[in-house]
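One chain, chain A, links the two complexes that follow: it is found with chain B in the first and with chain C in the second.
Let's turn to the complex of A and B:
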């Protein structure tokens, strides 16, 4: 037990437990759905998860600072539409440039959110609930009820979801899925190793202490919103490629799925704890449930209720288990501290470096 | 493209006028009266509703109405009750007529009854309210005919039988539910013709691309032969899902769709036959009817005959598809097949 404690943090146990839950869910669905364990199911789930995952990464940055970004669904819809409009009118545009434009537009909306939250001192829920409606209204206004159509775009846009990065036997890794995974890894590294990443945790764990320590809290929160907006722009581009036809309803309700994914993934909604890997696992669990429930022949009205129930169960059971673990770990930490005081060994510093901040 | 579709529809209209012919006591609208009107679609931002608005605006200008024509409605993805505040606020503002495409089943009925009690005519279009909750319904096509048209498209695509599933819009949309019922009735009433077509599932994509896409994937996994989507959003999403799965031609896609949105899919063989009517004309006819009701030129009783500008003469009749309902029947259906894509694609290219 002690060796486990030494090498694993409660957050890692949580991530492991999420993996176990995902495996159990897959096994249960496997018995209920014909032909479930196939490469097709993998592609299906990964394609549906990729967009939520990219959004969850951005959301995690914001949630770590004790804030929230509810406007991402509208940013996705708006960037998907504008990017689609641009590529429809300029078929020769370089794909990479289009992605950058989408991310730039998203970042622009992130700036608005960030300015209001970080420098306007308005609660994040209020700001982003407002911009959720404003951005959607903007989309309704600029679209003039015209949809973006696959037939007006160059072929590569619609084909992109089917392009493989690498194929090993039956296993195919789609480019868009690879982009999502790369995003997760990149931002996980940032959280772990860059000062900016560490500061996100510091602000979320204890804003007052972070302020006293002289951290530029406003700027850190501001940048988190810009990054979240830019990632929502990237998700918007992926949305465009995946669905092709973009109406003004594109991305409605995505924010709820993303917040659910982040919370299920162990990112504390009150800031300060969580990882990108966890957020990704949360997205995978929610995407798996969603895609699999559709394939089970159950009544429409039950699907949403079941999904909600699963999310609630995941959070409640997880919270109960995690709190137990935290207690275990903290009591152990105390013992270690007592030991270390006796032996003068700086064990507690080691704990700080792992980024685990014990809750009072 | 719009202008051209309009022209085609106009020609089709002319032929229907010939059938109706001249009748006695045809009420003609007197232009220039001030009538404030509200046009309430299911959602904002859906092309077909914008086309209806276009038609209403055309009539608005033609009748030189100095009053206002408001085009308001819920944002995309809102619930069955989202239209109610717009009805209530129209009543409070004291508008002279409300034109609504109902997205809430019987949920909106109390609100429209309130409007009727305040003396405001409620003209439903596209999707009716209820017999009590409206003055008259402007039916784009005969609802039983919609079932027949869908059944015939299914029969054409599945001559040797097979499984079919319906991808609908929202579970509360009155028109969707009646079309589905009509389709089921056609299938059940003539087992000799349609007996081999098995309706295996009905799913709802809520008129959103991603929901519809996911539901279509679910249907593909169930192994259905034909996805029938009586909604323009649903049919396009189903075609994209079939395309992404590489199953074009194996899983067939049909329903109600917009030529502009469907032509790419039809060219690739990822969608087959589909049907629709002119939403511009629907908005135009709805406006004329509401204007005549608001100016007391007609009462909204069965048997009243009136002239609706360029579209000709219409009569209010009992709605055979809904008990106690009154309707003005527009029609007709336009069927768009892959075989004659050259005809309808050319129209689009001349935009």
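Let's turn to the complex of A and C:
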């Protein structure tokens, strides 16, 4: 039992249980939807999951520090529109440069969020709720209510979602999906092995202790927002490639899906715990539900209500189950023990004891 | 033997002022390597301010710090750490979601661009082994005992090559066994050449662990001696010895009938076996150090956190106190310690604050608040307690501390109490307002109220009380009256030296 406890933390048990839930969900949908277990279904779901996943990676960075970024849906819409506009006017622009431009624009919006939250001391919910509306308003303004059309862009943009990185038998790994997976792995490595990643956990775990420990908390939170913005820019580019046509409503409501994915994926909304792998699993579950419900012709409004229900269920189950697991994990004999023989007191203290006895 | 060594850290003429309060007034302190240096003083003596300056949280108004004889400036915790100065607080500052090894190394710079987990675990194990401590370094810090958390912080300090370790009341929440373990670690650090600044209110611990004792009083340096040259009496004398003449002295009480009897009142983990009587027209002072459990007794009497055991007899009737509403109905009022947090609704007007506890009595037709009646009441208190304001419609937020306190007093006097519990009624208000509050308390006692006065301001308790109950760590150390009410007697009891007092007096 102790070996299990040592190498399998409650958070990892939670991630494993999420895989079980995803499998169960797939089996249930399999009985309800004809021809569900097919390459076509896989590609359709993965196209939705890849965007949510990239956003969830950025969101996780921010949520780990006990903050939140609600503006990502608007950043996706804006970057998708601007990138689409640029490529429509410069058809021979290098694809990689276009991606970097999208990420740069996203990072710019992240800087605004980060400055206000980290240096302006304004609560993250308020800041990003505000910028959620402002960035959307900006999109309406610059687009002049005109849509970006796939016909004005070079063919590679529209074809990109169907480009395979590798094909094994019937299985195809799309380039964009591979990018999303690479993002998860890269940032998971960052969380595990870079001092910056560990500090994200530290700040969310105990902000006061982080201050006392001399960690540059403001800078760390600021950078988290920039990264979240840049990843939202990358997601914006994926969004452009996936849909081709970008309206002023592009990416509306994505923040709900992303927050749901992150929370369902086991990232503590109060900071301090969570992994990129978990966030990805959360995204897979949310994306699968979304696409499968569409195929079952479930009403759009019910879909959102279901997402909301999932957020609440995840948080309630964390409070009820995860905290009990944690208690179980910490209520054992792994406690402080001080050797008396190793730390003998070499300096005599006798002289002091005669010193303070009261003389009647 | 210590004087041959060069000091690590010297503090010269350090001053810090907060508004009207001179928190530190040209204090000096010298820390030698391999020495445990105790810093003593009453609440408000300036110990915390000094620690915060040493760790870069506050900037001093004047004075300098010398590290190895060279002047340094510290603007934040990271800088303090880089100079080898670290602090451990009563409540350890750990990261519950990180494991023990990470907690030890979280502040480290330059352990490489990539976290080498294997090396980190090995290094953490080495440091803990050096301390002679066994904790699983891969374990999350969540759920570690307080003592284990402190050990992790000590290991962290050691790993940062700390040369000056400040320990601010580290033993306050530890059991006797854990204190013994902690002291073994402290001696271990001392023998490795660390200078330790040790702050504790428990005198016996201070004498057990320290080599040198410095005493502050009211932000000023009083004395600094080798521990062997200090006695309990001389330490207490240095801590409290100030003149009392400037203080208001209460008129002699005309002790009336018995109002409240408390017998064997106990709340597990907070206080135990508290017994006392309060008579009409009497002020019973509650003295003791911060954390002695005085406020907890008040909360039990007012029904906010009811006691587990014991008897409360109010007005001859045995009662079980379960809620503040019940207490208010019986005629008990409690003016809390933190007026901004618990005493007032700051954004509301003076008038609305005063009528809040018994708003039901101000409801007119259709259950709406009767504005006129509310204002009449508020105006009456404005005159009676001379609250300085243009109008009772002013927000409580906009008043000075002293006037805020008068509003809180009005609020509770308006409930027509027979027993008034005042918790630190003059904390943080200026001298003039303080005198006014004292005069109001005096008048209320003359009017026949029974008053319990909790105060950490010793001269205030002494001047205002007919009798003084002293508490220490949840225990009642005695009730003193008449000639027994003396600064040194009370302080000695509060610090747990009751028997020695008898010997000396």
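Everything that follows uses one rule, which is that the second predicted complex is superposed on the first by the 306 of 360 C-alpha atoms of A that agree within 3 Å, B and C clash if a C-alpha of one lies under 4 Å from a C-alpha of the other, contacts with A are read in each partner's own complex, and residues count from 1 in each chain.
Throughout what follows, a contact is a pair of C-beta atoms (placed from the backbone, for glycine too) under 8 Å apart; a residue touches a chain by one contact, two chains touch by 3 or more.
These numbers come from a predicted model, not from an experiment.
Undergrad: Once the shared chain is lined up, is A:211 touching chain B (first), chain C (second), both, or neither of them?
TA: After superposition on chain A, A:211 lies in contact with chain C alone.
Undergrad: Which partner reaches more residues of chain A, chain B or chain C?
TA: The partner with more contacted residues on chain A is C.
Undergrad: Tell me the contact category for A:88 with respect to chain B and chain C: first, second, both or neither.
TA: neither
Undergrad: Between chain B (first) and chain C (second), which, if any, makes contact with A:12: first, second, both or neither?
TA: Once the two structures are laid over each other on A, A:12 reaches no partner at all.
Undergrad: Have a look at where A:198 lands relative to chain B and chain C in the superposition and call it first, second, both or neither.
TA: In the superposed model, A:198 contacts chain C only, not chain B.
Undergrad: Where on chain A do chain B and chain C both make contact?
TA: Comparing the two interfaces on chain A, one with chain B and one with chain C, no residues are shared.
Undergrad: Taking the touch rule as given, give the residues of chain A at its contact with chain B in the complex, in rising order.
TA: It is residues 33, 35, 44, 48, 133, 136-137, 139-140, 143-147, 149-151, 158, 161-162, 239, 242-253, 290-291, 294-295, 297, 300-301 of chain A that touch chain B.
Undergrad: Which stretch or stretches of chain C touch chain A in the complex?
TA: Counting only chain C, the residues touching chain A are 55, 76-81, 87, 89, 93-98, 102, 106-107, 111, 113-115, 131-136, 138-140, 142-145, 147-148, 151, 181, 184-185, 187-188, 190-191, 203, 207-208, 210-211, 227-233, 500, 503-504.
Undergrad: Over in the complex, which chain A residues touch chain C? Could you list them?
TA: Chain A reaches chain C through residues 6, 9, 192-195, 197-199, 201-202, 204-206, 208-216, 272-273, 326-327, 329-331, 334-340, 342-343, 345-347, 349, 351-360.
Undergrad: Note which residues of chain B are touching chain A in the complex, please.
TA: Going through chain B, the ones touching chain A are 43-47, 49-50, 75-77, 171, 201, 203-204, 207-210, 213-215, 217-218, 221-222, 233, 236-237, 240, 243-244, 246, 260-261, 263-265, 267.
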